[in-house]
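There are two complexes below, and they share subunit A, which is joined by subunit B in the first and by subunit C in the second.
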Partner chain A sequence: MISEQLVDLSRLQFAATAMYHFLFVPLTIGMVWLLVIMESVYVMTGKTVWKDMTRFWGKLFGINFALGVTTGITLEFQFGTNWAYYSHYVGDIFGAPLAIEGLMAFFLESTMIGLFFFGWDRLPKTQHLLVTLLMAIGTNLSALWILIANGWMQNPVGAEFSFQTMRMEMTDFWAVVFNPDAQAKFVHTVSAGYVTGAMFVLSISAWYLLKGRNVEFAKRSFRVASAFGLASVLSVIVLGDESGYMVGEAQKTKMAAIEAMWETEPAPAGFNVLAWPNETRQANDWAIEIPWVMGLIGTRSLDKEIPGIKEIKAENRLRIESGIHAVVALEALRKNRQDADALKLFEQHKADLGFGLLLKKYVVDVRQATPEMIQRAVDSTVPRVAPMFWGFRVMVGLGFLMLALFALSFWSTLKPGGMTKRPWLLKWALWMLPAPWIACELGWFVAEYGRQPWTIYGVLPTHLSVSTLSVESLYGSLAGFVGFYTVLLIVEMYLMVKFARQGPGSLGTGRYDNEVHA
Partner chain B sequence: MMLIWPVLPDGLFLQQGMCMKTPPHSLVRKLAWAVVIKLLLLTAIWWCFLAGQKVEVDAEQASRHLLMRPTTDSNKEQAHDF
Partner chain C sequence: MFDYETLKLIWWLLVGVLLVGFAIMDGHDMGVGTLLPFVGRSDIERRVVINTVGPHWDGNQVWFITGGGAIFAAWPLVYATAFSGFYWAMLAVLWALFFRPVGFDYRSKIHNATWRSTWDWGLFIGGAVPPLIFGVAFGNLLQGVPFEFNDYLVSTYTGSFWQLLNPFALLAGVVSSAMITMHGGVYLAHRTEGRIQHRAISGALVAAMVTVVGFLLAGLWLRLGGIEGYVITSVVDGGAMPDPLAKTVVRAADGWWRNYQQQPLLWLLPVMATCSALLTMALLIARRTGLAFILSSLAITGVIGTAGAAMFPFIMPSSTMPNASLTVWDSVSSHLTLGLMLVATLIFMPLIVIYTSWAYRVMRGKVTESHIRANEHSAY
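On to the complex of A and B.
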């Protein structure tokens, strides 16, 4: 029997390592384009300061990459070690994008990163710029394949279950690649990375300006970061809206939980700006609502309804009842693969197989499921509302706060005296440094916690996906990961703070404050 | 990354000037060590906690796992069998 403790520990371990990994990823994805911009200006103008900017920010990029690399590998290994049944069930589809990502990360991204750091004195200017551009493309393509894999977990298209092999089998590779959910997630996620890179450069440049150090270097960096950040944060908001629309189409439970929408409202539904969701009452204790807005955002229409949690649960009850037939038929087919009646019954109900499997958490033989067990399975199909509701709103709130900061920063660069005459803006930029990381982590939390109780939405329940490891080994490996990653984070902080404080003087060019002499 | 925020302005890690003695190539050395130590520690975690617990799954095993048995300890009558 799979214990709930084992499932919870496996989820906790994956969540901890994924959230840690995503401290590094957005900065890598975003900063690499800032390097492309800075180096392009250097190649076009020949001004050395732009080369120094590329090299200095590239150094911080390199620290982030070196400390972040391998943290993603543990995630991929966990699919095999901790999620063996998941890997069997969906490996035919999920494995392809992960393998392509691995090849791309190792051969394109890593090669170009090596050439970027060690090619300054060995490659002509334009060739080095090409290397930086390819490094940026490689980094972003890695993200594409990961998000194609993740998008398939949210919206499993282009695949079909085979009772012969007891796994999902790919029927259309291009449907998986061009899964609208994956594409929307990709552009939203990489844009969030661009915002992170821009905020990193903006904040540290603001600190130099506040300290009056390396002012010309910092002004240029601030200018590039504010322009790039403004464009990126606008993209995040627009593309986030698209991503949200896709959620409304493919994952109604997630959408309803994010909006704390318990009842189906007449179209167009209102938007709960703030509310206090009450799980016990299945209602909001209070809410501040803007009429029509949710209907317009969620359905792009005035006459389409957005189903509430209670209506979704009623639909899911029917699917669970249908799923019982699918499970029974599948059991019969596994005993006799020529059983025509079982095959016919299975074909009728196989779309609801995953819903039937939800009952396996409560009973051996799904035919013996009591109304109470079915009710528990129905209730489990919707994630807890309050964490979803607040996680989403904090993420969106931070997004708009960053929009204001980047807009004002960009505006300040166009004014006489620029940003140096506005210390309040520089301090604001400095203190906003953690904002994109918090927003990114919350975004992932909403995406992944909101997918529960499934690993593959509507197909494979989480509790059936885990490996039958011992709880003791999971406690051990979890403690190992947490301890090890904490040490890594401290090392990352130490190196980042050290080289950020040192500034472009760490290049040893003789042109900046805090010069290093080798 | 986020922790830079509180420590950067106050210089909790380094006093002004301390870092100026660091030659540029020392960063490459530190990063190389970090990567090597990381790989060693990850291997150690895998070896200690996971290597001995191989879970092999084929169609029959998946069938037994998904269909034939209970998957929770919320039903106390079920036995622990792993």
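On to the complex of A and C.
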């Protein structure tokens, strides 16, 4: 039996390293396009201030990028170090997008970033712009392949289990690539990155404007960021709705938890704006509900029902009971590949194999599973409701706050001097700086915590996916990662604040406040 | 396209190519990192050294990332078994690599001697530790690794971290470190001048000598020192569905020599390794640094090729459950995935080579102290 402590620590380590990584990634994804925009204006108009903007925001981009790379290395290898059984079980499908990400995207991004920083004097203007553009394309393609891999964990299409190799094998690559879950996630996630980049530039520019420093530089940056941010935040919200549209079982379960929908309601279901979910009673203590809205968002129809938590659990109980036969047949087949009876039984129940494997958490031989164990397995198939419910609402709330901010900021830039006349807007922009990061982290939390108890939804339970390591090793490595990352994060924040405060004077061009002299 | 057996063979070669690519590309900037504290004595000298690889280290590091991804996609059982078995060794590599992106980017952003020298040692660790550990890992693969599979193909590593640090594996680590240091020194000699170039050449010459001696010593040890190889005794069906428990394997004293006896042409690999390293030394003394870089790349290819050819078809033999050893036949992905990944590699690898070459071309020429002074705020 795999120790629960090992599973919990492995999950904690993955969550910690992934969430650290995603502090840096969205800023990279978004800022790289702002650099493309600024440099394009420079190439078209020849005005030096636009080159300085590209270089200064590029400098902050670089400080952030360094930690994005540092924390990203871990993620490419952690599947092997800590999730060995997962890697074996689904590597045939999951490994391919990761490798293609390296070949198609990360090489491009990383090679071009060197030329972006060091090629200013060695490349003609247009070629340098091309370098910046290729860097942006590389960065975004990178996100595409990672989200194809992640989308497959949520909605495992285009693959089939083979008892001979004891793993999932790919049957249709294009189904994996065009997985609707992956595509919706990709657009939603990169748009969230664009919002993060825009908010970063908007907030720091607002601060310069409040201080009356580098005004021409800051006004232009503010204008670009507000327009880009408005378009992006609209895209996040619209495409967030798209990823809410249910395409698979995983989404159904998540949606029920996010909405604290315990019972299946007659269509179209109402939307709980606020509620107090009570896990023990399997009901909400109170709720403020808008009729119809949930049914419309979730099914795009007036007559389709959205299953509630209790209905989902009842379905899963049947699948677990059927899955027991699949596990028993599989174990017979592993002892004797020619066992025709076992093969027949296995083919009948194959689709529920993952559900049968859920019982391995409680008992080695699933035939010995007691009704109490089955009940625990059934209950585990829906994540805890309160964290999902609140995580989602805070994310969406921040999204709408940012929409209001970007809309007002953009409107203020339409009239000359519009932004400098409204210090309240600039202060608001400054204080909203952390908002996109909080929203991004919560978004990942809802997506990944909401997928539990699975690593691959319906296929492979999380507790079977870990490497057979000692609990002591996990304590050691977790402490190492958290310690290392925290020190690096402090160093990064220190540099970021230092250079943001100093502003474009740090370029040493002699054109700005706070010049440095070598 | 290709039948399954051929694809399995092609992927053995491709992983080899990626490994050699990683050693040549990321290897030269790791070698530069290893030499950094010794070749650069003052701040400005160290900045010269760092800026020879400044625009390129990030792209080079992707060879490592992509290598990891390719092994995940093509040899998922190897990815799972090796990285979880070598847990602490792998973490040491990752943690050492953490110093590189931040070391390069943050070091010169603050004018403070302690700050800068801290990052210099960070870059040294990031350059020196990974090649050492990869060498040690290879040394252990040659001896077999204690791991087992159950019926579900869950792998369990039954050894300890410390037993990885046995004498033969440490010798392999020294060869790997020396080879990468040589390569970095040659690159540095090509991109610098004056005192720095002089010190880089001295470092590379010593490292090349250690590489040659260590490589030959390791070969003798394998032949005479009682390190057994592994041999498959059951009939191999290369086109079968991969099942690492379906074969039988035994240890044999000449296990790692049989390929060389059957294919004498393979001897060209160790000969290439030795001669290229010696020629690298001669070319360095003659100050033909560009040609020396090509020769040191060939030396690396020869060393890695020698070990790979000896072990074929084994990738990771198991010392405690030899039948569970991972080979090119039974630890691979499905036919579809191997074919698909081959297509992806054939499309993108040439593009990568083209734009990487372009990047080096744009940044070509010697990095000098006056260049650093002129770009005080933008150079690393």
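Everything that follows uses one rule, which is that the second predicted complex is superposed on the first by the 509 of 518 C-alpha atoms of A that agree within 3 Å, B and C clash if a C-alpha of one lies under 4 Å from a C-alpha of the other, contacts with A are read in each partner's own complex, and residues count from 1 in each chain.
Note that in this section contacts are C-beta pairs under 8 Å (C-beta built on N, C-alpha and C of every residue); 3 or more make two chains touch, one makes a residue touch a chain.
In this text, all values refer to a predicted model and were calculated from it rather than measured experimentally.
Model built by superposing both complexes on subunit A: subunit B and subunit C clash.
When both complexes are overlaid on chain A, the residue A:T70 reaches subunit B and subunit C alike. Residue contacts after overlaying the shared chain place A:W152 against neither subunit B nor subunit C.
In the superposed model, A:Y42 lies in contact with neither subunit B nor subunit C. By the touch criterion defined above, A:W390 reaches neither subunit B nor subunit C. In the superposition on chain A, A:S3 contacts subunit B only, with no contact to subunit C.
When both complexes are overlaid on chain A, the residue A:W262 reaches neither subunit B nor subunit C. Using the contact criterion defined above for the overlaid structures, shared-chain residue A:T165 touches subunit B and also reaches subunit C. By the document's definition of touching, of the two partners only subunit B reaches A:H463; subunit C does not.
Contacts of A:A84 after superposition on the shared chain: both subunit B and subunit C are touched.
Steric collision with subunit B, judged by C-alpha atoms after aligning on chain A, is confined to one stretch of subunit C among 7-15, 133-141 or 151-159, namely 151-159. 62-63, 66-67, 69-70, 73-74, 77, 81, 84-85, 87-88, 117, 164-167, 331, 334, 467-469, 473, 477, 480, 484, 488, 491-492, 495, 499, 506-508, 516, 518 are the residues of subunit A that lie in the contact sets of both subunit B and subunit C, per the superposition on chain A.
The touching residues of subunit A, counted against subunit B in their complex, run 1-5, 23-24, 27, 59, 62-64, 66-67, 69-70, 73-74, 77, 81, 84-85, 87-89, 117, 164-167, 200, 203-204, 207, 210, 327, 330-331, 334, 357, 360-364, 430-431, 433-434, 437-438, 463-464, 467-470, 473-474, 476-477, 480-481, 484, 488-489, 491-502, 505-508, 514-518. Across the interface of their complex, subunit C is touched by residues 55, 62-63, 65-67, 69-70, 72-74, 76-77, 79-82, 84-88, 91-96, 98-104, 106-108, 110-115, 117-120, 122-123, 134, 162, 164-167, 169-171, 173, 331, 334-335, 467-469, 473, 477, 480, 484, 488, 491-492, 495, 499, 506-508, 516, 518 of subunit A. Of all residues in subunit C, only 54-59, 61-62, 64-66, 68-70, 72-74, 76-77, 79-84, 87-88, 90-91, 94-95, 97-98, 100-102, 104-106, 109-110, 151-157, 241-243, 333-334, 336-337, 340-341, 344-345, 348-349, 352, 355-356, 359, 362-363, 376-379 touch subunit A in the complex they form.
By the touch criterion given at the top, residues 1-5, 7-9, 11, 13-14, 16-17, 19-25, 27-28, 30-31, 34-35, 38-39, 41-42, 44-46, 48-50, 53, 55-59, 61-63, 65-75, 78-82 of subunit B touch subunit A in their complex.
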